[in-house]
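The same chain A turns up in both complexes below, where it pairs with chain B and then with chain C.
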Partner chain A sequence: MASIDISGVKKVYAGAVTAIHSLDLAIPDGELVVLVGPSGCGKSTLLRMIAGLEAITEGTISIDGTVVNTKEPAERDIAMVFQNYALYPHMTVRGNLEYGLKNRGTPRAEIDRRVTEAARILEIEPFLDRRPRQLSGGQRQRVAMGRAIVRQPKAFLFDEPLSNLDAKLRGQMRIEIKRLQRNLATTSVYVTHDQLEAMTLADRLVVMNGGRIEQVGAPLALYERPETLFVAGFIGSPPMNLIDIDDLRDKGPLALPDGTDLVGIRPDTIQLSPPNGPHLMLEATVELYEPIGGESHLHMRLDGSGQLIVAAVPARTAVTEGGRATLYVSMTDLHPFNRETGQRTD
Partner chain B sequence: MIENRPFLAFLTHLVLIIGVVIVVFPVYLAFVASTHGSGDFMRGLVPLLPGPHLLENYGFMLNEGISTAGAPPLSIMLLNSLVMAISIAVGKIAISILSAYAIVFFKFPFRLLAFWIIFITLMLPVEVRIIPTFKVVADLGMLNSYPGLIIPLIASATATFLFRQFFLTVPDELMEAARVDGAGPMKFFRDILLPLSRTNIAALFVILFIYGWVQYLWPLLVTTDSRYYTVVMGIKRLAATADAEPQWNFVMAAVILAMLPPVLVVILMQRLFVKGLVETEK
Partner chain C sequence: MQAKRTIFPNKILPYMLLVPQLAVTLIFFIWPALQALKSSFEREDPFGFHTTFVWFENYRRLFIDPNYVGSLSKTAVFAFSVTVLSMTLALVLAVAVNRVLRTNRLYTTLLVWPYAVAPVVVGILWWFMFNPTIGIAPYLLRAAGVDWNHRIDGTDAMILVIIAASWKQISYNFLFFVAGLQSVPQSLIEAAAIDGAGPFKRFWTIVFPLLSPTTFFLLIVNMNYAMFDTFGLIDATTQGGPAQATNILVYKVYTDGFIGLNIGSSSAQSVVLMIIVIALTAIQFRYVERRVQY
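The block that comes next holds the complex of A and B.
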């Protein structure tokens, strides 16, 4: 168990492509940090630099107070779970679990104890003598996790470990990873592009874009108060509606800071009946009615500007496709942004 | 597509059987010839059924050989061939798997150039570079020796290329996982890459063993001492006697014996060979 400190880390590939621009991040002991962002944002590169699989161009990464820049992955005492699991195909499950321990010269009795323990936790005891190719995707995923936990490393690094699983299994494994991490209280860095996975797993969420950190914080804090336009658009499903301020001026008593030219409205803060307190009132035509189950998504076109807007409303709502709807948004639910700087203005 | 057309089935089988007969008949004739006495061929009629001299002919060839043709007993030539073929196969595999490992998994300057230089040697078969190679081997004093027979034939672009293609299909994550698990380059090679290449190695061994076994020109050049004759070149000497009629029964016994080891290698390694082609462990 250990803290991870990343300070001023930069990654420049040959050919002067900068993958990561001077990045700082401190991960305290026992925390599960999720790096999330679109593909090519540098999240995997950052993880691989922590693992030692990628050289650090500038800056330092320390694990447990020791700078590890020049250390081999094995010397960093971290364990990594790969997207395609990277299990050794010619070894049995037991062989896979043992391999790292054997290489470190762990005594036989200790190896057996840890493998048995990990197999019990992950419920893979029945497969210990099988080969990876005889296992299903979910079972392979467990073995990959097992290989990480038998090592009892200072930190777990997860590189999109669930993206090869089907949706249902992904949901199950997500919960298991969270439970496991809680029980073991091992510092973890988890990379994903799936914002649902990111929101549900993270103690702290790091949203990355273009090699830079956009915002760091608790998942709900990021959802409720995105600091940049990118975070506003990336976190939340369906994504936040962004409406030009000029289209809203005559819709209600706007009182937004100077420099605001774009206003964000979360689909789930749009109401169909007037709230108490100051609010906006918008008229729209319903184009598509999308029932999800617990709620329904209304895809509408605003009168005037003709902009598309999405609202998440209770499941059974008395609107029909092609019909009219009046939308209300409380003033406190508005997110003011400046288009130029991409920053929040309040 | 399963069709039941008796005529088509008959026709295809007929073609197959004719093909098999065409291939097998000369081999059968060689076998028949090797079982007759020495005079049986002088009469102009080639017998089609095995004769009574099987053990006698083979025993004679294995133990004594036709000394008038300057050939040693077949057992020595077979042993020489075996040593040469196995050494070439093992040597080629060892060298090419290591060079392919270097080319695929390590980043060093001129890596691609190194690969292409190896690849270009594919265009230069033994026959093309035989005179300079002979000169080098002669100057090193390796004529009439096993190293002289073996070493010049070991460098192999084909095997390097095949191993390279296989290594390229091994996911990078496997190496990264091994690095995280504390396996250095040699350990990764030994514990992971080598077991994964098992079937490829088996398949290559079969091919390269046969390649080594059938070498004719090179042994002919570098050996003048009959103790180092290999069987394939030895047969030529048996047949080319100066004044006398060739003793076909003995020559054919040598041919059959020369044919056996490659056949055995193919049959014994067939299971692994086919397995290598059918299933991929990745």
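The block that comes next holds the complex of A and C.
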């Protein structure tokens, strides 16, 4: 149990490639923070710097109030779950779980107690005497988690732990990770590029891009009020529609702040009947009708600009491909941005 | 095994395709081996006019010959020392190179060069460096109070051939160890570091066990190298001397057969050597390989 404080942290690789530009982030005790962003945004580098696998060029990282910059990974008392699980192939599952405890000179009885406990929690008791290669992907994932929890570390670090699993298992493991983290209340940093995983897991979401933090906040807060164009486009699926303001001027009583030249509209805020209050009204041709199950996605082309726009509508909406549609968007559902600065304008 | 099978419509073609390989094996390996086996049961007169079948007489004589029994133990010392020395040094070098990030290709290339040197030349190089009259090594050793003379001291001679034979083999072992080390996933080492293992412990508990297939393979190759391929090296340095001190089995086969012209005894010796190597390899596969499975 510990807080993690990252202040002014910078990472410059030899050859003067700056991976992370002066970054600040405070993670309180017990929180599950998810770092999300496209590949190369610096999220894994940041995680590896917390773990001590990567040197910190500038700034400080503290765990539990102690600066750990010069400490070895082993001295930081953290546990990490790797993308490829990094299980020791020549040891049994039990051996894998015990390794970290043995290295720290934990008494035998205590090791056995903790391994039994972790195996029970993760339901891997039947595999304790097997080798990792005899396990399925999901089971290996559990062992990797087990190796982290037996140590009872100050913090868990997850480096895209679910990306090697198939979709169904990924959903299952995601829930288990969340439940486990809730029960243990261990401070966790979780890196992923999957925005769905990020949204569902996070207590707090950190969106990164190009070595900088774009926005930090609760997942829904980020969804409802993205502060930058990047966050607007990255969070949410299907992604937010971004429409030039000039194409909307005659579509309704626009009252947006100065400097707005791009307007974001979430697909699920597009309606097919006029709402109460001021709204936009758009005409479009339906190109593709995509039933998802609970809802359907309409891929349409706007009249005039000919821009593609996606709307998420209730499942059995009466529209046909090639047909016409009139779309309504409430004024309160618009996200105004400036294209130049990439910032929100209201 | 889900090997892909090719079905040949023609009955003769598959055999024709095998012929070149089989011919080479038969003519250059099987035939001479059988010839040696046959000769080992025969005695030939000094002029080569007459051969008599003598059953196991050649073998019986071998094992009551103190020179031969001495040669057996010399070979054991030699093969064991060369294997251990060359593999240990190669592993140390490979680990060192594996830690260097930028110039490791350069080091690898330089370290592999000795392997391209012919065994005889290796022998001459070391013979020259350790030459008691003009060599640099005895000169330096004398300054350290060691009187080096492999011409009269059997131990010195043995040390010399062991060093020379190991030096050449280090390159080969090094290459395999570097490849082996590079196939150990970085994340395993990082996981071990987080799990509280220091660099030394990481090596012995994670890296070394993962290298065991490579180590096992090299063990067999090095044993065979030391027993078979070191003939030229011995010939160029000590010629088996002084007083039989470095007369290992493969060299004795040569001297007895080609210098002493005792074809029967020489054949018997090569058959024994063959049996030893086959036995060693079988033992290694049977008992050691089991332990490298994971």
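The definition used in the following text is that the second predicted complex is superposed on the first by the 346 of 346 C-alpha atoms of A that agree within 3 Å, B and C clash if a C-alpha of one lies under 4 Å from a C-alpha of the other, contacts with A are read in each partner's own complex, and residues count from 1 in each chain.
Here is the rule we go by: a contact is a pair of C-beta atoms (placed from the backbone, for glycine too) under 8 Å apart; a residue touches a chain by one contact, two chains touch by 3 or more.
These figures come from a predicted structure and were not determined experimentally.
Peer 1: Kindly say whether there is room for both chain B and chain C on chain A in the superposition, answering fit or clash.
Peer 2: clash
Peer 1: Looking at A:R179, would you say it contacts chain B, chain C, both, or neither? Reply first, second, both or neither.
Peer 2: neither
Peer 1: So, A:R113: does it touch chain B (first), chain C (second), both, or neither?
Peer 2: A:R113 contacts neither chain B nor chain C.
Peer 1: Touch check for A:Y88: first (chain B), second (chain C), both, or neither?
Peer 2: A:Y88: touches chain B and chain C.
Peer 1: Which residues of chain A are in contact with chain B in one complex and with chain C in the other?
Peer 2: 51-53, 72-74, 78-80, 82-84, 86, 88-90, 99-100, 103-104, 131, 133, 147
Peer 1: Using the touch definition from the top, list the residues of chain A that touch chain C in their complex.
Peer 2: 51-53, 72-74, 78-80, 82-84, 86, 88-90, 99-100, 103-104, 131, 133, 147, 151
Peer 1: In the complex formed with chain A, which residues of chain B make contact?
Peer 2: 171, 173-174, 176-183, 187, 191-192, 195-196, 198, 281-282
Peer 1: In the complex of these two chains, what residues of chain C are touching chain A?
Peer 2: Residues 185, 187-188, 190-198, 201, 205-206, 209-210, 212, 294 of chain C touch chain A in their complex.
Peer 1: Quick check: in the complex, which residue numbers of chain A touch chain B?
Peer 2: 51-53, 72-74, 78-80, 82-84, 86-90, 99-100, 103-104, 131, 133, 147
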